[in-house]
Every structure is written in structure tokens, then in C-alpha cells.
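See structure below.
Per-chain residue numbering starts at 1, and chain names A, B, C, D and E are given in the order in which the chains are listed.
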Amino acid sequence: MTAADLAFYVLSAIAVVSGWRVFRTDSMVRASFLLMLSFIAVAAIMLMLAAPYIGMATVFMMAVEMMVMALFMVMFMMNPAGLNPMNMVHQNRLSIGAGATAFVGLTVAVLFTDLPHEKVARQAPVIRDLGHELLGPSMLIFESAGVTLLAAMVASVVLSARSGRFGPSDEGSRPPGLEPGGEPAGRIPESEQEDE
Amino acid sequence: MGALANLILAMAVGAALLLPMLWWPMQLGGASGQSQQVPFLGGGSQSAHAWQRFHIRYYPMTLLFIAFEMEMMFMYPWAVVYVETGIKALAEMGMFLSILGVGIVYAWREGVFRWQ
Amino acid sequence: MAVRALAWLAERSATPVYIACGQDGDAMAARLAQVPAISLQHSIRHAAILLVAGPYRDADRPALRRLHDQLPHPRATVWWGAVPLAEAQDAVTIAQGDHPVARLRRLDRNLLRGERASEPDWLPDEPPNEWRGKGDHGQGGEGMMGGVPYGRPMAMMGEEMRDALMLDAMTITIGPFLRTLPPGLSLELTLQGDVIQQARVVTPAYPASGGASEPLLRAARMLESLGLPDLARRAQISAMRDSAEGLLAAARRCGALLALPAELADVRARLEAALRGGTAPDPGEEWLVDRLAGMEWQSALLRIASFDPATLAQIAPAAEPDEDEEDGDEKERAA
Amino acid sequence: MTLTAVLIVAAALIGTGLYGALSQQSFVMLMMGLELILNGVLLAVIAFWSLGVGGPPRGQVLAIVVMAVMAVEMAVGFALVTAVFRRRQVDTTEKLGTLKE
Amino acid sequence: MTAIPLVFALLAAGIWFAAIAERFASARRFPSAIVLAPLWQAARLLSQQRVRTEYPDALNWALAPLVYGALAVAGLSVVPFAPGLVVAPLDTGIVLWGACEALTIVAVFLHGWSANSMLPLIGGYRFVAIGLPAMLLSMFVLIAAALPAQSLAVGAIVESQRSMWNMVRQPLGLPLFLLLGLAISLRGPMDYGDASDLSGGTAAEVSGPHRLAWGIARLAMLTAFAAMGASVFLGGYLGPWLPGPAWLALKTAALLLVLTWLGCNLARMPAPRMMAALWLVLLPLSFLDLVIAGVEALL
């Protein structure tokens, strides 16, 4: 076993174990950053797989994404720090079964498929290739990614910000009642408060 | 591979140098109880745990940020081949950035860069 | 041996002091600002000595006790122109007129060398709420949000006035000895995130004794909140010398006035006047607590710090808690 | 470090992510499961690219596209969660039977 | 491998130098031998108790300074001290640097979160609001610097400055980069994490050795920033007469002085305003920097 193999096994273990712990920890902040740890371990494996750019870029992309993930987790989850231990799962057995089936199925598929074995050349200028690809053959992907991202930006702004151009986005909505037809359980939107 | 090993070695040494300060044995002083652990608020007090559903005031900005930051993925490889490709690269990236710029202008018009 | 070597090194550094300002404590703090051997800290956790400067009110005693216990060991308390609390054993007192630097330095040295014992806690060693052994896992909590996990309840959802996203509202009391607030002012704030939803005056600021240096001390506090500690110290030193010369120009160079956004134009005007050594007139019609609602943390602190003592006494009087709440409700309904 | 070994790790990540996505009640935890699945996909793509098909630039572009999908999923997903929370004050999938008003 | 001691030597010198410069800039001329003041301050913090708060997230609280310090080292690892003399000669040096910045935001947030106290919590959250958009700026200016070099490696960027420094070619780059340096090392006008209006922000509840570790990590990040800025914009190790490492050290020291001076002499605006300024003023400026660099590289 070479040092590279050892590093691969360690990193794989980190990636999988921290990925699993994400769903087992009570603190939402810890869950987010455990997922980040999983991503960083995968990124390190990618670096070892001669993908210097994609690996490194995964680290910074995932660091900020998980940072934002943590912000939203804390914002919307009850008991975000897990001060009271909790277990917010449903259909647990089914999920375990589905997860295990997926793993076993994929593993079997991997083991019994005749995989190609052409390795990337050690000194290949992969970043340069990627750049030429993006500006040449994959130009359409590149520019349509721009449009997609613009759409995502607009959509997230429209959905998340309250002060839209068309007035508060919660206008006319009432939270569900505790009993059918009962008083709204939560806050009454301001637009209706004014009427009362 | 050697570069990565060196990097990790250097980071480990850096962390190891700071580690003793977090397990520092030599401390003077007396016993301290739970009254010392009360959060500092200039003499005031906190009614509940500080950990809460913290109302972030810039959440639309973070979503915009995630979508916008994706463009960095494209820009790094672009920078490497920029000089070789020449004016075409400038035009393509200009188009890409102006598409995303539209998103920023829109967000600004919608008041995303204010405290909500 | 090692401890003594460490003490030998440590006693050469400036003494970190947290100053709890009582009546006129501001001016007393300014006297220390020009002493390089003393460094005034913003957090009690960064200090070694709690310096109680000037007489304090009976209402401030609990805060003082809390503050004392939060000091890291080795620690000591010094009473400068203040009467020691009954809990204080072997109290170090200094007359208001005296200069405390020599005493502070000696005390600091003795603490570091272990020649003076670190002060024990004044409050009983118990959690804010009893929790051990209670609840589902012995952590004191019940269900998802209930109970008092580890001694404190969890924050609950509260009304939100700015973006209608109803999340947890956190109620905290700050002051009366927070250095970025006027001495003696204690506020109960209901926060969502870092935005103030509701404020209530717990104890008012100490009345001003009418010194000519007051505007500069006030300017110093605002400059601290603007992240200009050096300029703030300069303002304090100027206050001691009663000359505001060059201060406004220096503040302009640092962008202290430019940093304030348009919503804080009133604060900017008051800061400018204070840096000149004067006071900008304020109609004083609106209550302080109403002016704070919906403000972000730094802006709110800047606004509080900008009022001169006379206006502050007028707009932030000591209020009966119940009355004040009713007032707030009525106003909400009216709106 | 063979292609098979890397792919098995990727399969493990996908399986774990699937478990999380199916079992978690709250929206945000569900999204964590999705992210973990995409993490496995990303690893598999890069493994194929590097050890299987000899490093064509297209493979890297595919990896970037996977990451763009993640970013878009997160941005829009969280925006939806915010919008729903603003209206209903709920944060779990079960309390929200339908997205209709 | 041989460069690892150099990295730590530069870090130690930078931390010491920055600490002294800070005392000098704030005119706290005490004690008379200002040179040893950082040592004395460190001894004081080491002899103080490390306070814990009510039920903190102890693991993450201790991890935050370690990660912060390790990231400073990682950032410095891609900076060459002389041609070929670098800890990690990665092709993706500036991408690694970007990753370090992103992870620093996480470390500072964790430091604020873990104390379970209100003032640090606000500090941590506020820092994220400023740190995220500020990070975009630095990525843009670093990409601009990579254009003439046609490489993402810091070594290649330094070599591309043989004829002219990037500071001259891309005048907007260095100021924007320094601004981010102030944000990431929590200082002066960009100090939204450890600000005095929050009584020390994320550090408000830490005392003694923990505070020392945090302070050292902050200064280490500042030094790493100065070294990176010196390499990318001031020609790094390039220079006549002196050996490469000496030039790098000198330029780093110069940038440390500038950063300290800026940190002590600029006011901090409220966070909402800074966030808007970052997106609406400074981000377009960094676009402009990119355009200038692009046109210049093609000429």
C-alpha cells in the first residue's frame, strides 16, 4: 500500500463518516460544517485524481455554500443548536433500506461492469484544456450557464425578499388554523391586521 | 502530490503551534463557578440561550451570492487561456459578466442589499 | 519557577482594566486614557481588574456583582471614589481625587506574582435555572423547545416589524456598565437578529454634572463605536485639557462623519457638534425607545451615544415597566 | 486507488445522501441529503474523467455543470423555504401538504 | 520542504512586526521598550484564566483559532520566496487562496457561534455579511493579476511582473485586495467580527491563552495577506542586489505598515451600508480592474 493509497482511504473514510454524521448530529451548525468536511475530503481525493482545478474550486465553492447552508439551517430550524436532543426523521426504515439498496446496487454495478482504464496523463495541462473547452466547443454551455444563473438569481430574489415591486409577498395569506376553520395559528399578515 | 503533502504538513505545524494555547496548563487564580459563565453584556443579562433561530438580515444577499459566485468556476480557467484566445475571450466573458450584472442590478432595484 | 518567569514577563505589559463608570465615571476614565500603563478594555473577559469609578446607585448592585464574577482569574476589584459592596473582602479603595495608576499597577503585579489571592465569586455557584436531572435526557429540556436546557430557556418566536419573517425574538439587558453606552444607562432590548424590535429603559443614565468636557467625552464614545479607538483616546485627552482643537479635522480625515449613512444624519450632526465641543439642539420630543425600534446594532449604539445628558434624561427617563409596555401597545394599535 | 475503489466511495456517498433526503423531515436537512448525493456524483464524474477515459476536457465541464446545479438548487431551494416559512411558519415537509394556497 | 521553516520565520516576524506597528500607530508608547511589548502581552494572556461560558460548543470554539491559523499558513504556502523556493508549488495557487478566504469566513463564524453568547453571535453573523461579498473582490483582482501571467500559480504571476509590477499595470487591484485583507484579518474599517461596538465581537467572551491564540491567528492571516499582496502586486521576490526572500520580507513589511495604518485611521461604517457599498461600488470597480487588466494584457 502506497502513501497515496493510505491517504485515499483516510479521506474516503472522512468523507463518508462525516456525511453520515450530518444526519445524526443535533446541532444544525455542526451538521452544515460536517457536510462541508465531507466535501473537502472529496475535493482532496479529486486533487489526488489529477484534477487540480476542480478539486480546489470545490473547496471554495462548498465552503461558501455550506456557510450559507448553516445560516439558513439556524434561521429556520427549531432548536438550531440541538440543546434538546431530537430526532426529526420519518419513514426511517424505508430510507435506510433505500440508501443501502442504492449503495449495494451501485457497488455491484461498479464491480461487474468492465470499466475503461485510460488514465489522464500526469503532466496534462488540464486547466488550460478546460479553458479552451469553455471558450471553444462548450461555449454554449458556458453562456447558457450564465443565463441559468441569472434566472436563479432573479428567482431567489423574487421568492425570498419581501419588499417586492408588487407589495409584500405574504399579502393575502393566512397561516393554517389549529382546528378547521379556527383562528390562524400563527401571525396574521399585516395586510389583514389593518382590516381588523 | 508532493506539493499537497507539503501543504498539509505546513498547515498541521501551524495548528500544532497554536494548540498548546488551548490546553495551557499554567493558570493562576481561584475557583470559578457558574456565575462566571454568564454571558457578558456589560452588567446586563440574557433571558435565554443565545442560540436561536437567528434572524439574518441579509438572507436574500446570500442566495444571490451563491448564484453569482458560481461564475468564479468559469473565470479561473478563462484567465489561463485569455491571452491565447485574445479578443474572443474578452467578448465572451464580457457577455457572461454582463448577464450576471443584470442580476445584480435587478437585486439592487429590489432592495436586496439593504438590511431586511 | 515557570510561573514566576511568566509573571516577570507579564507584569511589564499594560494593565488591562474594565472600568465600570458610575456618576462622573466618564471623566475619570478619560484621566486613565492618557496613561499608557493602563489599557481600558471593552469586554470584562479581557481585563484583570474591575475598576468601579464614581458612586453608583443601589439599582446597579446586581449588575456590579455579575460583572465581577465574569472577570477571569487572577482578578481584583478597585473602588475609585465608590463605596465597596459588602461582598468585597480586603477591598482596595481610592479617593475620587487621587490618581489610581500606581495602586492599579501594584495590585496587578501582586496578582500576577500570586502575592495577592484572586477574588472569589460573589454570587452563589448555581445555574440561572435548576436543570440537572430534569427533562428527557437530564439536560433540563422538554420536547423540542421547552424546558430549560442547561439552565436557560430557549428563545421563542416573536413579532417582527421589518420583513414579516417571524423568527425567534431574543430579550437581553445591556448595561448599565457597557462601555459603548452612556454610563448608568441600561436597556432591555428585544432583538431579532441584530435588529432591535423593542426597547425599554431599565435604568436611566447618570445625570450630568455639567462639565465643559462632556461633549468631547461623548464624541469619544461615538468614535469608539465607529472603530476609531485612537481618535477616541485623543478626544478623551482633549476633554481633560478642555480644547477640541484639530479634533474635528482629524475625525474628518478618518471618515468618521462620512461613515454615517443618511438615516443617521441626526447622529452625524450631533457628532460634529460634539467634536467642536458643543451640543446640537434636539427637540427631545420622541422617546429614545421609539427612536431605536427597527435599528441595527451599531447604528443604534451610535444613536444612543450621540445624545447629550440633558436630552437623554428627557427622552429616556426611568419608567415603570408596566406603564411603558402599555404605552407601547397603545402606540402599536394607533399605528 | 483504482477507479473501482473511488466509485464505491462515490456509491457510499450517494447511498448516505439518499437516506438523508428520504428520512429527514425538514426542508433544509432534505437539501443536505441532495447535496450529499451530488457530492457522490461529482466524485464519480471526476473519477471517470481521471482514471477511466483519459481526461477529455468535457469531463471537467460536466463536473462544473454538476456544481452549478448544486448552486442553483441551493439558491432557489432556500428562497422557496423562505417564501413558505414567511407564509406558513412551517419548516417540515409533512406540515405542508400542498404548495397550493 | 525547505521552504516550510521560511514560511514560519516570515509568519513569526510578520506577527511580531505587525503587533509592534499597531502599538506604534496607536501612539501607545508604553512600555519604553516597545519591541518587547508583544512578548509581555503574550505572557500576560498566558497567565490568565481561560473562561468558559454557559454550555458553549467547546470543540468548535477551540477549533476556530486553530483553523484560522492553519489557513494563514496554507495561504502563505503558495507564496514563492525565490524562483522554485515554495512550500506548495501548486498550479492553482490563487484558487487555493480563494479557498482559504472562504474557509476563514467559516472559522470566524464558528468562533462567534460557539460561545453561546449574544455579542459574539451578532459579530459572527455580521462578519459573514461583509466577508462573503468582500471575498468576491479579492477573487476578481487575483484573476485580473493572473491574466498577463496566463497561469493561476503565484510563481508565474510573480515572474510575469519582471518588466512591470502589477500595482502599476492594474492600479485598482492592490487597494481592493488590501480592503479584503482588513476584512479577513478583522481590523479597522472592515472589522465586522471583533468590533468594539460589540465589546470585541466574536472575541468578547474569550480570555487568556485562547485570546492569545486568536490574536496570533489574526496577525498571521494579516501577514499572509501582506505576503500574498506583495507577491501578486509588488513583484514578490523580484528585485536587484538582495536575495529573493529578503525582497519578499521587505515588501511584506511595507504592506503590513500600510494595512496597520489603514486599520487605525479609517472609520467603520454600519454593516448594511458596507454591504451595499461592496456590491454596488467596489464590485463594479473590480470589474473595471478586470477590464483594464484584460485590455492591457492584449495590447
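Here, a residue touches a chain if its C-beta (ideal position, glycine included) is under 8 Å from a C-beta of that chain, and two chains touch if they have at least 3 such contacts.
Each chain and its UniProt protein: A = NADH-quinone oxidoreductase subunit J; D = NADH-quinone oxidoreductase subunit K; E = NADH-quinone oxidoreductase subunit H.
Nothing here was measured: the structure is a model prediction, and the numbers come from that model.
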Query - If a chain touches chain D and chain E alike, it appears here - result: A, B, C
Report summary line: Chains adjacent to chain A and to chain D under the stated definition are B, C
Report task. Could you work out which chain's C-alpha centre is the most distant one from the centre of chain A? Result -> C
**Report entry** Chain closest to the assembly centre - both centres taken as Cα means
**Finding:** B
Report task. Write down the pair of chains with the top C-beta contact pair count. Result -> A-D
Query raised in the report: Which chain has its C-alpha centre farthest away from the C-alpha centre of chain B?
Result: C
Query raised in the report: Just how far, in Å, is the C-alpha centre of chain E from the one of chain A?
Result: 28
Query raised in the report: Distance from the CA centroid of chain C to that of chain D, rounded to the nearest Å?
Result: 46
Report task. Could you put a whole-Å number on the gap between the CA centroids of chain C and chain E? Result -> 30
Requested in this report: Compute the distance, rounded to whole Å, between the mean C-alpha positions of chain A and chain B.
Outcome: 16
Query raised in the report: Going by the touch rule set out above, which residues of chain D reach two or more other chains?
Result: 64, 67-68, 71-72, 74-75, 78-79, 82, 85-86, 89
Query raised in the report: Which chain E residues reach two or more other chains?
Result: 46-51, 54-55, 90, 92, 95-96, 98, 113, 116, 118-119, 125, 128, 132, 152, 199, 204-205, 208, 271-272
Query raised in the report: In chain C, which residues are in touch with two or more of the other chains?
Result: 3, 6, 43, 45, 70, 72-74, 112, 127, 149-152, 154, 157, 163-167, 170, 172, 178-179, 193-194, 296
Report summary line: Chain-chain contacts, ordered by label, are A-B, A-C, A-D, A-E, B-C, B-D, B-E, C-D, C-E
Report summary line: Counting only contacts in the complex, chain A reaches chain E at residues 27, 29-30, 33, 36, 52-53, 56-57, 59-60, 63-64, 66-67, 70-71, 81, 83, 127
Requested in this report: Could you pull out which chain B residues touch chain E in their complex?
Outcome: 3-4, 6-7, 9-15, 17-19, 21-22, 24, 26-29, 32, 34, 36-42, 46, 49-51, 54, 56-58, 61-62, 65, 68-69, 72, 75-76, 79-84, 86-87, 90, 93, 97, 101, 104, 108, 113-115
Query - Contact footprint of chain D on chain B as seen in their complex - result: 59-60, 63-64, 66-67, 69-70, 73-74
Query - Touching residues (chain side chain E, partner chain B) in the complex - result: 1, 3-4, 7-8, 11, 46-55, 62, 65-67, 69-74, 76-77, 87-90, 92, 94-96, 98, 113, 115-121, 125, 128-129, 132-133, 136, 139, 143, 146-148, 150-152, 199, 204-205, 208-210, 212-213, 216-217, 220, 271-272, 275-276, 279-280, 283, 287, 294-295, 297-298
Query - chain B contact footprint on chain D (complex, rising order) - result: 64, 67-68, 71-72, 74-75, 78-79, 82
